[in-house]
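Please read through the structure below; I'll follow up with questions.
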Amino acid sequence: MGSMENNHKILAKENEAFATAARVKYYDIVINSGRGAILTDVDGNQYIDLLASASSTNTGHCHPKVVKAIQDQAAQIIQYTPAYFANSQAARLAPRLAELAPISGPTEVVWGNSGSDANDAIIKFARAYTGRQYIVSFTGAYHGSTYGSMTLSSVSLNMARKMGPLLPGVVKVPFPDPWDKLPDESEEQFVDRYFKMFKLPFKTYLPVDEVAAILIEPIQGDGGIVKTPPEFMEKIYQFAKENGILFAVDEVNQGMGRTGKWWSIQHFGIEPDLMSVGKSLASGMPLSAVVGRKEIIESLGAPANVYTTAGNPVTTAAANATLDVIQDEHLLERSTKLGEKAKQFFEDEQKKYDFIGDVRMYGLDGGINIVNPQTGKGDTAATTRIMYRVFELGAIIISLRGNILRFQPPLVITEEELDRAFEMLDQAFAEEAAGKLSLPDNAEELGW
Amino acid sequence: MGSMENNHKILAKENEAFATAARVKYYDIVINSGRGAILTDVDGNQYIDLLASASSTNTGHCHPKVVKAIQDQAAQIIQYTPAYFANSQAARLAPRLAELAPISGPTEVVWGNSGSDANDAIIKFARAYTGRQYIVSFTGAYHGSTYGSMTLSSVSLNMARKMGPLLPGVVKVPFPDPWDKLPDESEEQFVDRYFKMFKLPFKTYLPVDEVAAILIEPIQGDGGIVKTPPEFMEKIYQFAKENGILFAVDEVNQGMGRTGKWWSIQHFGIEPDLMSVGKSLASGMPLSAVVGRKEIIESLGAPANVYTTAGNPVTTAAANATLDVIQDEHLLERSTKLGEKAKQFFEDEQKKYDFIGDVRMYGLDGGINIVNPQTGKGDTAATTRIMYRVFELGAIIISLRGNILRFQPPLVITEEELDRAFEMLDQAFAEEAAGKLSLPDNAEELGW
Amino acid sequence: MGSMENNHKILAKENEAFATAARVKYYDIVINSGRGAILTDVDGNQYIDLLASASSTNTGHCHPKVVKAIQDQAAQIIQYTPAYFANSQAARLAPRLAELAPISGPTEVVWGNSGSDANDAIIKFARAYTGRQYIVSFTGAYHGSTYGSMTLSSVSLNMARKMGPLLPGVVKVPFPDPWDKLPDESEEQFVDRYFKMFKLPFKTYLPVDEVAAILIEPIQGDGGIVKTPPEFMEKIYQFAKENGILFAVDEVNQGMGRTGKWWSIQHFGIEPDLMSVGKSLASGMPLSAVVGRKEIIESLGAPANVYTTAGNPVTTAAANATLDVIQDEHLLERSTKLGEKAKQFFEDEQKKYDFIGDVRMYGLDGGINIVNPQTGKGDTAATTRIMYRVFELGAIIISLRGNILRFQPPLVITEEELDRAFEMLDQAFAEEAAGKLSLPDNAEELGW
Amino acid sequence: MGSMENNHKILAKENEAFATAARVKYYDIVINSGRGAILTDVDGNQYIDLLASASSTNTGHCHPKVVKAIQDQAAQIIQYTPAYFANSQAARLAPRLAELAPISGPTEVVWGNSGSDANDAIIKFARAYTGRQYIVSFTGAYHGSTYGSMTLSSVSLNMARKMGPLLPGVVKVPFPDPWDKLPDESEEQFVDRYFKMFKLPFKTYLPVDEVAAILIEPIQGDGGIVKTPPEFMEKIYQFAKENGILFAVDEVNQGMGRTGKWWSIQHFGIEPDLMSVGKSLASGMPLSAVVGRKEIIESLGAPANVYTTAGNPVTTAAANATLDVIQDEHLLERSTKLGEKAKQFFEDEQKKYDFIGDVRMYGLDGGINIVNPQTGKGDTAATTRIMYRVFELGAIIISLRGNILRFQPPLVITEEELDRAFEMLDQAFAEEAAGKLSLPDNAEELGW
């Protein structure tokens, strides 16, 4: 690692005026530029990006087509609020996105600026359409930071602490985390046990006919890159359908090709009623959307869901370009193919290192548990040591829930870059195994 | 007005996939490009923009410096989530904005993507810092569309309908609208009467020591461009200070030079504890901020208020450029000066036309009531006829609350453009007076 | 006043084990026995009761018929929970009460143990029947102490303090207190002004089609014995009817003959949809009821509103006897007649003493404001001096809202007792006028 | 069974005016009188009471001492509201009850009229004392029917349906029902599994330092007479203590000697911070109390928890007599002894009949599961057949949760009566085994 002087200087300055609440700490760098999967900080240090800006830059940094779209649009018109008037880019994007959505039948779109506000919108539309007030979401879920989506979330206590009372009507049910399988429990028993827990509220205090929607990340992102067991998904989907409950999916993190399909729900053969999209939708420009069955979206009148800048010409231009790139460059296939390679890598490592626990990989999208080999429980210190070492070696990887490595490189990462990243990971694992790694001084502050 | 063919074609297409909830209807146009105060639609028709995209493009459309900032930044790096790592542009903007804020003492900033989420954040920080749960806001206020800010709002019933239960802990008090002054009531009596209404909850059901914050638009925007009576403001401010209540201002609509000062609260000589900013902050790119006293902002830990794209390099680059433009081109002074000219114009018209009621102008920022001369009450039909006629003549002006013309041109509008707009307005007023105007067919659907 | 030794001894003992939250302090006495309007404390001191145990003993203390009913029933069966099985007394009372209610058409009853839980039940039935969630109540209202009714109330801040978040969906509107009439304001202007305030929420943030019920005390009790201006009542009633909102009245304090009619709403010629009854219903035995239109009450299934002891044989026996007494002894007429006498007395005093402000009397049911003659504002110290002096002279009278004397003797009070009470009051007023009265030591703690 | 004519006539009459919501249907009888454990209906039919009016008449029907206490007190004074003045009976009861409570150190009492309002009060005091807003309660719990206690409950969906939004801040966790033990799961594993579920909210969305109280029925009543596994209780108690969370117990159903101890929590050797009492406290007269550590109860000021009739002289006289009876007649020991006898009986039956599942007996307090012998799952139809047959034979027994027989006779039941009841039960079991029983026509409507 080269000099960090500028990084530290700028951070010190920013720090005087910047909220602690707004940054999960990992490494003290200031990002200055990017190309594809390569980032450069303000001291000129380069890093392989294994995080893709939290899955918001699936097309890679500064993809020429996206850059051009933004530049051209900025020169033509930057903003006119779609809350009052249409603009050419958004008008083009809406039907395109509706078309891409895994929803048959008439489909509509509503814009937002963030995954968070899209999930707030899901609450609104689900309540309006059904005339019911409860929403069911899952432990481990991250749905965002506005009051609605924050209430839906349950992956970090700091997302609730001191900020209540939160939105009424949200009920949390346990997500079937694979590491919570009981010893000797079969997949079927595991699914049955969690489905029973899922039904418990409905049997005791939650009238099923007052539930507007079940909202789920088909593959949890910040919860640790964890796929919902398909049989469990099927059961809750059937439950929803039998009870007039809308089935809503959050594709903010896992959509847009991340998992090798456009939408992670497509791994399940299930058609949702409502879907939230964001992050990579506009390659990291602030744009989100709710896509849903037309009759649901039409259940509210204006201005039930308007934002001054949502569907802004520049962000929708970026989104139009992003869709082009994903299609033209076959990024879904690429995600699948490179994901298999990554899976192979991590499974090989798992055989070598007993502290590598569960390995999950769905396209270029993985969660790798780091555990204490004795107890099988998550090992936060080891995780921190490893990720920090990888950072020193020149790649950006972060942890989730303390002991899960989050592996989400841009889908355009080259094989060569990937190989280099694997080398760094392997080296870090080897050093960890050899007891050579130590914790950074501020380890306590780091991570979720 | 020229051909509308492309406009209609594109709208028809968009309409199939776009939510009714997300657009307040006015005119059937698709914005294609813009320069300064001039907009062009997809049929090549031009309009003078008297709305500045809902006060989100104070620097005018495609200001060269803003365009360049966006283009350059897009080429360098489009996005890295400030939720994890700093970027050069945001790191520069944070202290700049803290510096500009009307808050003495250590000040911090937290990013959002919209005015809406900034107001959600105000609820969070106010609750966290005070350990109290209630927030007081005003009737007529627009604070946004996420669950927190929607709950704070009270200017349109469609912002609450079918979407409840809303966020607990928000109490609404009546805003002193000038048109609600009683006959023969002095300003002092008026203020006393409203201050008494303000205090009523505190005397009967709202324990003052459980109120975290009072949130106010010092000049209401969507409520009709209405300045809080200064004596009223002073009273509620004192009330807040005496009772340990934070005083928070929403500058999303009226800040960024709109009223001839950076922040509308500066018309009152009051220093807020918390302030939300958005819209023109990044010239209409999605960026918002809460700026507040450091100790308040530091009352929450991460990730209490994070958004993947909030403080994105491109949007903060646009904001840095926007601040430059406002400063370099003296837009505050310009707003003041042109505002006086506009005030003169509308007051002259008021003398000519008895259907022009209350005229309010604070910099290039005005609300003009259209009333029934007989009853003095708002006349929605007349308002619609006039605004629609102005549109036909070539300027974009919209109504608020049914009977208020909203006058908010870009601050860079030229005097010549302004004069042309005045001519159009005068012509429409004259035609209205002459009974020559008729309602558009879809009048029922139009407006707030 | 005789010895207070036993009173103080017992209170000291009770005090060690009894909650501060549960007693509004007035005088340090322990009630030991009662007959008609006469109370005796544990030291044998006697008092004329001008409070009727907060209007819960309209038939007077130990009315022989009520005593006998309780005694007989206790010997037969004390309790079998109506939540599972009917009992003879409750089965007789239900149709009787339904019959007495000011509701035409099929009417049903549901039992509770307190006025408080009856108002909780009103929320339940109103929501269930309408499918709407908001309830509108008035400032100054007292509806009870359970979470629902506490949320509906707004007459004392200690009824909200530290206990939130309260029940969502309750909106408070200002009650037209006569002392808040503006100088020179006509009754019509006053009513219009308050009706405008009433409508403000509906115009700005409260969708009228989501309001389940308006709940009002037709004559506010703890708010100061204040009758709703009839024109105001008519307006809000019409508003409710036009908008599918249920009209619910709380008759807990003012029903059961207190105002010279069975129900205070009968002074208005209005038929409510739902009504809560309690207090004197069973002559102060714990029994309450909601009486309502059958289709509303039938909108909920069991066990949506059950209480183990609600409709208990002893309490319903007491209620059956209470209805007999009121009917047989013509207590409605008596209330009217003695009320006129009381009105005359207080109006005469008002002429003599300038510190007697507004005098309100509706049957044997009055509120007498004590004011500072200079400012016209309420004078709490004077009120405390007077009520305390009356207590020393031998009558129990308390204050409301600091400066209102609450006059609610048992309806069976004899004329002679009333005359004696008037003498005491006159003496206290005279001494106050002569500046002879002083505050008790613990004046600060006393009263609401 | 004799004639039912009067029963049906009176019920038909009552039915016209009585709410469906207020009665869980079992048998069409109207209770007319009672002595000890024997009830007589309006047709003169007699029944052995195995329900004790839902555990509200532990001292039996019309215990002479209780009857006398009520009669004497009614003759002296029926009611003076403790919200304003003390009365002799309540003043005597408060310290007595504080003394009896399983709380060392200074203890205070606050009155209510129902178990329901007592649990509302627990929410109030817990929030006020801790300054925290969340309350944790358990699935299967019944805490009452006012808005607070209804929100805390989760044993019947009709207690939530159509009545929301409920009180914010209540979080439900799964109660370890023995029938939900996994096959081959040890008690320790079972407890660990449920304790893990208990902790899940605290790890994902519920900040432990914002939880005011955990409220539990140490032995669930309406949930099926189920004792909390002691190791589980110990764990959640420790958890509470470590985290500054108040530990509150609901003794409304299981207190007052029902389980062989004064309070069911005494089976666990745990000292609660707050306790709600009701039902048998005044032998079924409407009286409840919260008993708690003085400093907690003193955290609220008046009138935070007042009710007009709570602590009424007659009900507190009945309570004083009830305490005397329990003490003088050694009802705790009696409950224990007869409970053992009952346990023996049901366990013997269990051996004879394979449809008798789990048998739980804690003093004269039992839950007997009726199951399908093939599947081991609850058999609602069989349960209904059995209980209905027992009713025909002359005893009142009801079901809980569809398939649990609730066994709670008055504690004064004679051994002879008990033996007769056992005969009836045995006969019904035998007939069920022989396939001789059929469902009553209205079986669908019956029960919880």
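When the chains are written out, they are named A, B, C and D in that same order, and each has its own residue count from 1.
Note that a residue touches a chain if its C-beta (ideal position, glycine included) is under 8 Å from a C-beta of that chain, and two chains touch if they have at least 3 such contacts.
Which chain is which protein? Per UniProt: A, B, C, D = Aspartate aminotransferase family protein.
Quantities reported herein were computed from a predicted structural model and do not represent experimental measurements.
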Shared chain contacts [chain A and chain D, defined touch]: B, C
Chain whose average C-alpha position is farthest from chain A's own: C
Higher-contact pair (C-beta pairs counted), A-B versus A-C: A-B
Interchain centroid distance [CA atoms averaged], chain A/chain C, Å: 57
Distance from the mean Cα position of chain C to that of chain B, given in whole angstrom: 47
CA centroid of chain A to CA centroid of chain B, Å: 32
Multi-partner residues of chain C (at least 2 other chains): 131, 133, 159, 161-162, 164-166, 168-169
Interface residues, chain D side, partner chain C - complex: 10-11, 13-14, 16-27, 29-34, 39, 42, 51, 53-54, 56-57, 61-62, 66-67, 70-71, 74-88, 90-91, 94-95, 97-98, 106-111, 113-117, 120, 123-125, 127-128, 131, 133, 144-148, 151, 156, 158-159, 161-169, 278-279, 283-287, 297-315, 318, 396, 398, 448
Chain D residues within the chain A interface of the complex: 133-134, 139-140, 153-155, 157, 159-162, 164-166, 168-169, 172, 174, 180, 182, 193, 196-197, 200-210
For the chain C and chain A complex, residues of the former touching the latter: 131, 133, 164-165, 168
